[in-house]
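Note that the chains are named A, B, C, D and E in the order they appear, and that numbering of residues resets to 1 at the start of each chain.
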Amino acid sequence: MDSALIPEGAKRCAFPKFALGIAIVGAVVLWGVYAMGLIWWKGLNQTNMNDNYGFALWIWADLAVIAVGGGAFFTGLLKYIFKVDELKNIINFAVIIGFICYSSALLILAIDIGQPLRGWFIFWHANVHSMLTEVAFCLSCYFAVLTIEFIPNILENRQANKVPFFHHLAHNMHGVMAVFAATGAFLSFFHQGSLGGVAGVMYGRPFAVREGLLIWPWTFFLFTWSAAAFGPCFTLLVTKITEAVTGKKLVKDNVVHLLAKISGWMITTYIIAKIIDTIYWATVTVPGLGLDIDHFYSNNAFYGYWILFTEIIICGVIPGLLLIMKSTRENPTLRLLAIILGVIGVCLNRWVMVLQIMAIPVMSFDTWALYIPSWQEVATTVLPVAYGIILIAVTYRYLPVFPQEKELNAVQPVTETE
Amino acid sequence: MNKNDKKAHKFGMVIDLDKCTGCGSCMVSCMSENNVPFKEDESNKKDSITWMRVYKLTNGKSFPETEIVYLPRPCQHCGGKGDHGHSPCVSVCPATATDYGYDTGIVSQIYTRCFGCRYCMGACPYHARYFNWWDPKWPEGMEKYLSPDVSPRMRGVVEKCSFCYHRYQAAKDKAYYDGREDIEENEYQTACTTACPAGAIVFGDLYNPAHRVHEIVKPDPHPASINSTVVGKSRNPNVFRLLERLGTNPKVYYLSEREWVRKAGDNYLAGEWDKIKNHHGSESHG
Amino acid sequence: MSKVEHKSESGSEESTGECAAGDTKDDKGLGLGVIFFILAFVICFLSGTLLFPKLLYSKKEQPFNFDHKLHVEQTSDCESCHALREDGSFNGIPKLAKCMECHSETPLGETKDEAVFAEMYVAKEKEVPWYVYSRQPDCVFFSHAAHTKTKGMDCVTCHGPIGTSTTLKPYEENRITGYSRDIWGQNIWGIKKHSWDRMKMDDCAECHKKETGHQGYCFQCHK
Amino acid sequence: MKVDRRSFLGLGLGAVAGISVSPVILKLTDDSSIWTQNWPWTPVPVDGEVSYVSSVCSLCPGSCGISVRKIDDRPVKVEGLDEYPINDGGACLHGISILQYLYDPARIKTPLKKKGDKFEEISWDDAVSMVAKKLSDIRSAKTPEKLACIIDKDQGSVSGLFKRLMKSFGSTNLYTMPSFESYLELTAAALHGKGTTIGFDLENSDFVLSFGAGVIEGWGSPVSCFKANASRKERGAKLYQIEPRLSNTAANADKWVPIKPGTEADLALGMAAVILKKNLFDAAAAAKFKGGFNKLAATLQNDYSLSKTSEITGIKETDIEETATLFAKAKMPVAVFGKGRGDGSQSLKELIAVHSLNCLVGSINRKGGAFIQPVKNYLEFPEESMDDAAKEGIAKPKFGQYVHDLFEKVNVSSQPAVEALFVYQSNPCYALHDTKTIKQAFGKIPFVVSFSSFMDETAGEADIILPVHTFIERLEDIPSGAGLAKMVVGLSKPVVKPLFNTKHPGDILLLIAKALGGSIGKNFEWASYDKCLETVAGSIWKSLSKSGHAILAKGVPEAPPEVDMTFLAGNPASVQSNGDGDLMLIPIDNMRLPSSAPAAAPFSIKTVSDEVLKGKDTVVEINPKTAGSLKNYDYVTLTTPVGTAKVMINLNDGMMPGVIGMVKGLGHTFDNKYVSNKGVNINDLIGPVIEPGSGVDAAFGIKVKISRA
Amino acid sequence: MFPFNFEWVWDMAHVIFFGGFWYAISILGAGLTYCILKAAYDTFKGGGESHHHH
């Protein structure tokens, strides 16, 4: 019944099946929206945050989605600025994932603040010394860039593209996309960085504080680097999941291998920097404040050295190595393992930089604080995931997201059951 | 900039922990002075608003060697690294809802500007900032005791100790009326200071050598030798600040004759204290 | 598919003029669209500018009229009624007791307003519930002493020539915020001609910047 | 004309564009945020003229001067009154919270009558005539002794009026709740003769030997003690604290001497033995001892040798000897008694034993010592006229000396021993040991009249409640007690007009007396309580009304009184605790929680640590060694012979092993969600232990069994 | 955000920060405007043509 909207030559499942899937995920969205409504109506007492945990679950989610959404800016940068042409076959999808991640991040921020109707104060009464101001400005600008990057793909919908104006608009936007992509990369560099800066400038928190360059602590650069490194992993992971769900191959292996290789080198270089940063922090910064590194990983029920080891070695060094070595990179199973570990790694890093910071006592007579989120927090954190699934489903169904889809799936028409 | 204003004050506090009895008068005086609300259950101290919080510290030894001390903790009104006014919280507020008054050294918090991002709370290592998770509600009729000098906070914003700034405003008003340039030491005292039955809290201008707080603290105008971002370290060997090494430069000082109490004020590596303690307070030329 | 094409064109303001001007195909639908666009634009713009303020503000009449001019003639200044207290605070609108210093038991004039005053308030010992045009929100601390006494500022600078008025204008209250309209100013765009036309924080800051070289710290004016 | 989609689109876009360039969006964005800044449900305090009214606080016997800041007619803040002779500007958290009492949701707003399980509102006229009717019936039955009365304190004009009513009525059954003052008078009576009391000159003493007295835990006149303690270091004075728990006082003291609970008297006697043995006593003072000093000395040498004392008390011999020696050698030593706040149950033997140390070293009526002076009766009530019924009634014996005797009598009698009971400003159903039996007694009294401002546990048991003004709504003389070295009467003033349909307790008594008529009415012929006070205050009224207080005595009293050692010379037995548990449960006095009436204010509750109250659970203190495998905040069940309770535990190294400490002041059950239904009332777990020889309830704790819950 | 805002100060921090911000905004705005205008132009130029350039 919606065949007129489906890209030419593409096979999609029957509409009722599609609608059912959307309805199921939609129920999760409604649950999240209900929780969101409760929070807006009744206030943040609906969460289990407290004065120790001013940043909690969904701020971690916020940072995590922005980190994994980093695939969009980095792929865009490679495609449009460094002219890595193969990436045109995955750029649309990277942009959609980025769009989902960033719109989710903005939504989470709107739920997170205690006074949503005053949210615009961050722009209007901006304190330029605050990393959060930098985040807000760059984040919203970069979201605008993502929207701009997304629009041509929307306009390529079979029906929309029939409209000459839309057709031309899409065409022209493609034409100047490099300018947008460059601006996006600039903005993204700063907001990814300033998210890292958010933690790094907190010099009252020895676990977070880092020295750095000018006003930017090392975490600023580490965050940007890690988002660029692990973002493509997430793009690849979501591509893989989409392929699994649709039962089709959507992106050619050479593209995947290329992105995986780039990601691998980025991860490896990042993790070297991270290790150096950690060693410097543990041996110079923290002892200078009278603290032993043990302080941050002991005397509590949850945070031990395991988290440091998992983040850096298991989810950093290992995926990095797996992706830079050709043999492992081109092994589908090991590649999948590497990108999953990578995504976990960057999420864990954000967790540590949000939640562990809050948990650690600073005053000698303070105590560790652990925190368990409320269902409302969980629901509003799941909300973006469900919303993302719906948006991917809809865009996949109606937009020519994967340029190689037709080619890859035309050769075996017999096995097509979708 | 007014940073170098000759008329500037630097209001600060010194709390004698040997006199403090942990009675709680300062907390209640503060709550009642500043229209701090209360809830049905305040036993979860992580969501209980007490601008002035009294911590109980122990020396960690077992019976009968145990010792305890109470440590009242208002907002520390940090001057930030180098005492330039970039307090941990002020520098991170995205909407300029908190600023550093270079004329008084007092860190403000403007509830109507705050939009509740809570970044400042994360940045403050003293837990001195509190979030209004709930709408403030008073039992019917009890809102009649609210003071018009301090505006009640609405849900969704951060609040904290203001060093009873409204009392400074009132004292200045009086001085204006009398045609005076400035106020006397006793004209501006915080609610906790006046309430303390043990007289453990002394409040005044750290710049003014005639004020008691200056006499006790004897702040060192030079940066500390071990950490150049630390300014205003006390030259009184019994006086210390909380987490002084972080460079937050609090304007709240503590006084104790007990070594373990002074040591509890900051973090020290094993063996470090013994090296530092002898220099403590008198190391400006070290 | 030209219908859709033109629809899309009128979708952005920039292209409207060009579109209308270049429209040589005499497409009725498009013409109608443009007309509707202009019509809606004008109606909405005008209602946003003219009708909206009327809806936004409710008008309230003061309990009775007060002739400032008459009273100033008798007292010759503002401070006789609007005075600083000895602690330096400002008494605002005087209480009944202050009025009674002059009005005592016998009426001083024969106006209808004074009769209302005597009957409704003096006789019942009730304070007059005046609406205060210049009422600032609870978060604001303002020291009259600092401005009038120390710096010798004129009341008119902020309050305007109230002293020469013979009638009280209706009090306009913002239905959303509860603020007096005089805070935002009568002009809906917030444009002011006199220093007393608006009383927003920016107006305070503007003067402070000029007079003291610094807009001031938050706590100077907030509580 | 064809109106198609394009037209609608044009319309829509035009509208959007038109609104966008009008001021609507800008203004609404601004106004909606301003709306959040002025939410109508967030209160806006009304501004006005500031004024200050000074008065006196009577929440506790401390009797501090207070200064109330008002905005127009509204009191908004309470602070200590500068230069007031007791507290000189300081204030405790409860005093600062007074306005929360004033506006307490548990205030009783109008007279109430019990109907079934509920109360219904009645008029003052009806209430007073019902009370008068009941009292007339009792008199007609010629059993005036069946009117009993419990008041909060012995001194002051309101107590005077209650006493006057009882006497005119013909009943001797007037009781005061146990208080520190009552123990001071009992102790002084035993050693120095009836009608005297003791004050401690802490601010001048150079060695304070405290037998569990919570000098900074609300003992005595709290603020005055805080001040004396704070000046201690500047004066170079010492404080030695003897008690099983590292209380705040112990923590602040120069030395903490942990002692087995209940053996304080033995330690005091052991120290006396050391002082005698080492000849460190004041010979001149000892020369004036009478009543068997030599016998006592002999007993001490036999029964309280260092080793024996050490064994009983668990304190090292050297510590006992050293402390006793330091105490005796100090210039101005003073030994203070009264565990915790001093108002809980105390053993008279212990108090006398401790005070005899003061006598031994000559610290009586010496600077920095203990001041013995007559209880000042500064009020001059005219002689009562007594009719025959009153005279007959007065001749009948009282049920007993103490308030627990009254309830004991009620509970053991099959016929109502008490027909009517007045309870004024006290909460026996909460504050006395074994509250179950107290409530049972209340059930057996046909007519209970409560004079209370708040709906507390006892008011809830009443048949009629006559609500009284809170003390900041009324005029009253407030005599200081609480072991202060000086005697001050303060004047509590109506700071604010009464908020509700309440009356001054004195005026209620005047109304009742008038309704009863006859000689009773004649004894209360004042126009109002205020007039009555002015009359009976006589010579001090001028000072009271002018400066807000009158000083009855200050400085060192002359001529040390006699010392009678008879009580101790009889070698009375020490009080033993009830029960067979292997641990000892002792009450803890916490400055932030009042232990009796009125209950804590919401502000005070808010300051209570989560090591004391967590959610709705009381947290008890226990040494980690005693706790064994139990962890912090584990639930346990405490079982005593009197009751059981589920509580959480706090592992506390400052607690003596084998002892469990539970805070007093929690577990209220009346209707106030900020204060009530939090934790356990320790009085539900402890039963009275009557001390042989003195008859006081001297339970210092109770044996308890603990099990994981 | 704007020089007429209360918090605005003409110092280095503001100039750098908002300089970057307005620069990015201008590029995005200019790019978008260009695309839209060009598309409108192309539409009229090309009439109902629907050829593909890529």
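In this text, a contact is a pair of C-beta atoms (placed from the backbone, for glycine too) under 8 Å apart; a residue touches a chain by one contact, two chains touch by 3 or more.
Just so we're clear, the structure is a prediction, and the values are computed from it rather than from any experiment.
Farthest from chain A, judged by the mean position of CA atoms in each chain, is D.
Overall, the chain located most centrally, as judged by its C-alpha mean against the mean of all protein C-alpha atoms, is B.
For the interfaces B-C and C-E, the C-beta contact count is higher for B-C.
Relative to chain C, the chain whose mean Cα position lies farthest away is D. Averaged C-alpha coordinates give centres for chain A and chain C that are 48 Å from one another. For the pair chain B and chain D, the distance between mean C-alpha positions equals 33 Å.
Chain D and chain E have CA centres that are 74 Å apart. Counting only residues that touch two or more partner chains, chain E has 6-7, 36, 40, 43, 48. Within chain B, contacts with two or more other chains are made by residues 44, 96-97, 111-113, 135, 148, 151-152, 154-156.
Chain contacts: chain A has residues 115, 118, 121, 125-127, 129, 133, 162, 164-166 touching two or more partner chains.
Chain A contributes residues 123-129, 133-134, 137, 141, 144-145, 148, 162, 164-169, 171-176, 179-180, 183, 186-187, 190 to its touches with chain E in the complex. The touching residues of chain D, counted against chain A in their complex, run 29, 32-33, 35-37. Note for the complex: chain D touches chain C at residues 1-19, 21-24, 27-28, 31-32, 34-35, 37-38, 40, 44-45, 47, 49-50. Listing the residues of chain C that touch chain D in their complex gives 3, 6-7, 10-11, 13, 28-30, 32-49, 52, 56, 85, 87, 89, 91-92, 137-139, 174, 176-179, 184, 188-190.
The part of chain C that touches chain B in the complex is made up of residues 84, 86-89, 137-139, 141, 143, 145-146, 149-150, 214, 217-220, 222-223.
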